[in-house]
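The structures considered in this document are given below.
You will see subunit A twice below: alongside subunit B first, and alongside subunit C after that.
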Partner chain A sequence: MDAFQNLLMGFAVALTPQNIMFAFLGSVLGTLIGVLPGVGPVAGVAMLIPLTFQMTPTGAIIMLTALFYGTQYGGTITSVLLNVPGEAASAITCLDGYQMAKQGRGGAALAIAAIGSFIGGTIATVALVLAAGPLTRLSLEFGPVEFFALIILGISLLMGLAGKSMIKALMMGVFGLLLAMVGMDPVRGMPRFTFGRMELMDGIGFVPVIMGLFGLAEILVNAEKQFAQVFIAKMSSLIPTRKDIRDSVWPILRGSAIGTLLGLVPGMTGSASSFLSYIAERKVSKHPEQFGTGRIEGVAGPETANNAHANGAIIPLFTLGIPASPTVAVIMGAFMMHGLIPGPFLFKEHPAVAWGVIASFYVGNVILLILNLPLVGIWVKILKVPYGLLFGVILAFMVVGAYSISNSTFDVMVMTLFGVIGYILRKLDFPLAPVVLTLILGPLMERSLRQSLEMSQGDIRIFLESPIAMVLLILAALFMIAPTFKFFRRGKGILSGKEGA
Partner chain B sequence: MLSEINFARFVVVITTSFLLASLAFSPASWAADFPQKGKAIQVLVGFAAGGSSDVGARILASGLEKELGTSVLVVNKPGASGQIAYTTLTQAKPDGYTIGNTNFPSSVVTYLDPARKATYTRKSFELLALHVIDPGLIAVKKDSPFKTLKDVVEAAKANPKKIRISTTGFQSDEAFAILQFQKMTGSQLAMVHFSQGIAPAMTAFLGGKIDVFCGNVGDLLSQFKSGEVRILGIMDDETSPFYPGVKTFEEQGYKLYSSSSRGFAAPAGTPKEVVDILSGAIKKVVATDDHKKRMADMGLTIRYLDPSQYTKYWTEYEAMLKELLPLTKE
Partner chain C sequence: MGGLSLVWLVQVSGSKGSLPDTVFLPERLGLGRILSTIAALVAMAGFMNLLGFQLTMFLFLIFLLLVLGRQGILVTLIVALLGSAGVYHMFGRFLDVPLPAATIKFLANLGL
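Entry: the complex of A and B
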């Protein structure tokens, strides 16, 4: 019952007026970002990090995490009503959701999606509470040696699930590692690749790079598109029929399980969860041929899964300090900006922050449920703001944000440069997620490797002496070999969410 | 005739006004009315907002505002171990309206290390005061076989480079202290550098991956209270009020004094009168009860040195680091 007591303490933190306000703010901004087809969750979180500099660490993390799972709710609205996925994880919802909207059942689809999201998010949070206890006890077993093995495992998983082109993903992973090499060598003290710029001595700033690669590049790409006026389906009654509810119970439970479990796996994106859930629903259904014509299961399952995924992805970050997805990597960056290092030590050193944030997930999910159902009409109206205007405001906001990181124009230049790089890479169809993961994991990997070797005075056998490290390294080796077998290759496309269904 | 007189008068008026104008812009007259009301004094801090350097500077700044009668703003310019802020400070206009935080060892190491290509030296700073000191310490877990410093030294001599000790970076005050300690005792330890800060060093220490923890007085307050750790020695010339019953290194026969410390400086070339006004104001603020209470609440140890004492300390510190720095790169 230790976890329960801690959770109660967390609620004491999360339910202060100030933190409820941050959860509310994050939920509203998240829904907004989810609704806007031009901006995804990574870009959204990256752009808003500078806004949190003046907040308390707890408030800042509460807001950014609420923003993250809020996008999953927002994305649903446009998928169902406009047939335009607000963000990738909701893409699959278009198939049946938009059909339902056309048949005048859009309200019911949204209601089921919101309820499913709420349940999925809550179940994943319960899993986090349960996992936190044992993993935290294990935390002191994790020294530099074990940490190095853990990061190798994280990187290997990413490469094993690279999506369409393994080569392109590997290239991007190496690009991220190269960027991570910039800065002061952590042992010898020699500046590397700094070109005489003091600003580069601490390495290339993580936040401006992410703001550029995701935020700026995404805006540039979207600025080219013509967003045609789409048919906005008429809203109907929000109350689902008794049959809808009956048909949704199992998809919601299955979606919760799929999302929570896949959320744990580094390298998985929310879209992988929603695709897999959709496929699972079609497989177990007695009428697989009716999918795509407006089946409620096709909405309930995936929408639950992507929310469970968003909350589940926080588990490895909180317990091990490993970011399981690009958005979570950005949230990890936010932790570090506020002087907190996510991982087992967080629960020991800053229990109020850790449990406060976890409790805020419940608060945020309730806020989102209230926010979404009655206010759907308002969110849809936002889409009528001309994109030229919207993008201009966002750009101005990003420049101010980048400057405020350390009161220096250098970060603004870094952001701009990486905006251009990100734009080019997108045009050439390179995946950007591997860059973020290796950029954030690279320095941690290098430091832990060198600390391990300092401990053993250069003897590499230190990695064989730790049982935990051995298990992790063997797992990593298996994941790296896996793609050479046909069986795993077949599943890969679906898991990475690139294959259209 | 009349026009000639007018002309002469004109010349006199012009010359006088020029003289007055030039007088008004000379440093001497600045000093007389330094600081001007409504003109803000900037305090550059080379570390992130919320860190202990920043907190100390902000507490002092609020006292200075009352003392100087104008606003005193803390501006954070973090990055490159403070080098960005030190560069900005030493290149600022030396008029007293830009001063900055100077930390040991970073403010000295950054220019002594040729790889960093710093544009400043000791001579680029006009020192105002030292205000905070955080002495070093070493500790072991409560179940460790080491009871005294001597136990550590003997173990390190018997097994050279086998006893693992933590630092917060190869150019941190801990690393320099350990180098001095090794030189002094003829022992060899295995230094493990946790350059991302104290928390991971602590995890490794409490998890038993590191034999000896080297840090500062501010780091182990809660672990000491809970009895999880045993502090073996404090690297200061007096015992710490935070750790009753813990001996200094000196008391155990090792003349080792090490700390990270924080002071303030203006750019070189700041007029003497302005320097006196600023350092005088800092001295007054540091002595007030209100300031002492606020600093103690934040766990900061006040140690005041006036400009000449601080200059002497800096010179000695620089000489010591010059000797130790090559050892960090071996």
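Entry: the complex of A and C
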């Protein structure tokens, strides 16, 4: 068992005191970000990247991935107790979770959600361990031609699913590509779109752009309303009844399968998984009419699914080097900032990093279970901090984060500018996920395109000569034209969640 | 991008007057809060190298918490002090991220 041995090696890395501390730190910060209104996982991960500069690459990635799946746990707390989803993937949990809280069963809902999330996350990680070998071997066959086609497929899947309008999604994708082109031409070494500014020679930093588009824009949207104090439903005993546990077993298993499988598909968001799981539970239930009145299945299924999704979404990144969602794209950016390229070569060249991070998922899930069950009271207390205070602290943290990327106030200005752009785009209902994906994948996409064209001396037919590239490009084309068909549009309504995860 | 914008324009013009359910411009107070937040961020970036991180962040937090967030004076002062001097020393000492000191001699002599 090659995978098993590698995983054991991974545990040797993940269980060092230093890396356990990073997983703990990531889990705490992730839960905090999930709990706080207005900071989603995308902005949260981007905001904390500067903190990882002094860490080892393994420690940094362990912390950021723990932070990512930690947000899924945190989002549940606000959904159940406040009827306000901390992040989009937990939105559906409000329906039954808040009803349970009103009936005095909020503690049981949170406990089942935490246990379900733990099981879902663990099952998805097992899937990652099993898929790592075969998928990595397959992707080692990929040259620049196939890699370019794979990126095109990933991006077109995201376009097909993002938001209501394909045109808007395409516009945002092109916008991200344009931003990615700023800086030095990778082949000719000439500056592009720099307007003579030295700061733009290395390109626009993706961290300030994402902090602006996702973090600051959200704060500006919230600033429209008067900051109000939140009302929290009363907490009850955390111990679920025997019936609760019995009713949750199958929803948790189904949610794990749905989340892991959808996590694999580029463009699917965590909310798509939780929505599908909720629909599945209602379909198989003997009492579908009771959903929305406080059924435990309505909490167990979706909460398991969104956590399995978060862990499952890491699979394409680790095996193929393609991020499946905006947050994973930001994690990919963090890999690159630490001099690592995620994908099949990571297992070959840095096995300790790759397997160490995978093993840390188990560690992180155990930490989150411990953090979320006995310590849920502390998170509830944080919810009582007034937003008028929180928003100032979050803004201050964003300024420090943006500044510390390259010790320059220029990045603070970039973040502010993209905050305004993000605010306007949100108001016009433009999806922001495609910008992140193309901004981060842009340089890789350009490199593989230009390498391919150099190999063929400029002949574009090289993409038609590779059977793998052909299949990938045909699939990409199908996904782009699919929204014109009615049946696909109907399904898309369910699958396209809001930004996040 | 231009081509896509044109397609979008045609698409929007062709749709039968279905106005979005949210109003684009927020009410006056909300707009004021948004513009003040943006102005505070621009001022922060503009003055940070001149006045130093500690003083600019202190003023930035005072403005955000006291004026926009309507917090009490004591809470504001504690958070502003921790967020400015506290963060300056924490980032400088533990994270090796030197935040800018004031370039005005008088302020620099005060350790800001």
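Here, the second predicted complex is superposed on the first by the 489 of 501 C-alpha atoms of A that agree within 3 Å, B and C clash if a C-alpha of one lies under 4 Å from a C-alpha of the other, contacts with A are read in each partner's own complex, and residues count from 1 in each chain.
Everything that follows uses one rule, which is that a residue touches a chain if its C-beta (ideal position, glycine included) is under 8 Å from a C-beta of that chain, and two chains touch if they have at least 3 such contacts.
Values in this document were obtained by computation on a predicted structure and should not be read as measured data.
Using the contact criterion defined above for the overlaid structures, shared-chain residue A:Ile341 touches subunit B, although it does not reach subunit C. Contacts of A:Glu199 after superposition: subunit B is touched, whereas subunit C is not reached. Residue contacts after overlaying the shared chain place A:Gly133 against neither subunit B nor subunit C. After overlaying the two complexes on the shared chain, residue contacts for A:Pro351 are found with neither subunit B nor subunit C.
Touch counts on subunit A: comparing subunit C and subunit B, the chain ahead is C.
In the superposition on chain A, A:Gly292 contacts neither subunit B nor subunit C. In the superposition on chain A, contact of A:Ala223 is made with subunit C only, not with subunit B.
Contacts of A:Asn407 after superposition on the shared chain: both subunit B and subunit C are touched.
In the superposition on chain A, the residues of subunit A contacted by subunit B and by subunit C overlap at 53, 407. Only residues 50-51, 53-54, 165, 167-168, 170-171, 174-175, 178, 216, 219-220, 223-227, 386-389, 391-393, 395-396, 399-400, 403-404, 407, 409-410, 412-413, 415-416, 419-420, 423, 427-429 of subunit A touch subunit C when the two sit together in their complex.
Looking at the complex, you find that subunit B touches subunit A at residues 48-51, 75-81, 83-84, 87, 113, 115-117, 161-162, 164, 169-171, 190-197, 199-200, 202-204, 206-210, 328-329. Within the complex formed with subunit A, the subunit C residues making contact are 1, 4-5, 7-8, 11, 20, 22, 24, 26-27, 29-31, 33-34, 37-38, 40-42, 44-46, 48-49, 57, 60-61, 64-65, 68-71, 75, 79, 83, 87, 91, 95-100.
Remark: subunit A residues 53, 139-145, 184, 186-191, 196, 198-199, 201-202, 338-339, 341, 343-345, 349, 406-408, 447, 450-451, 454-455, 457 touch subunit B in the complex.
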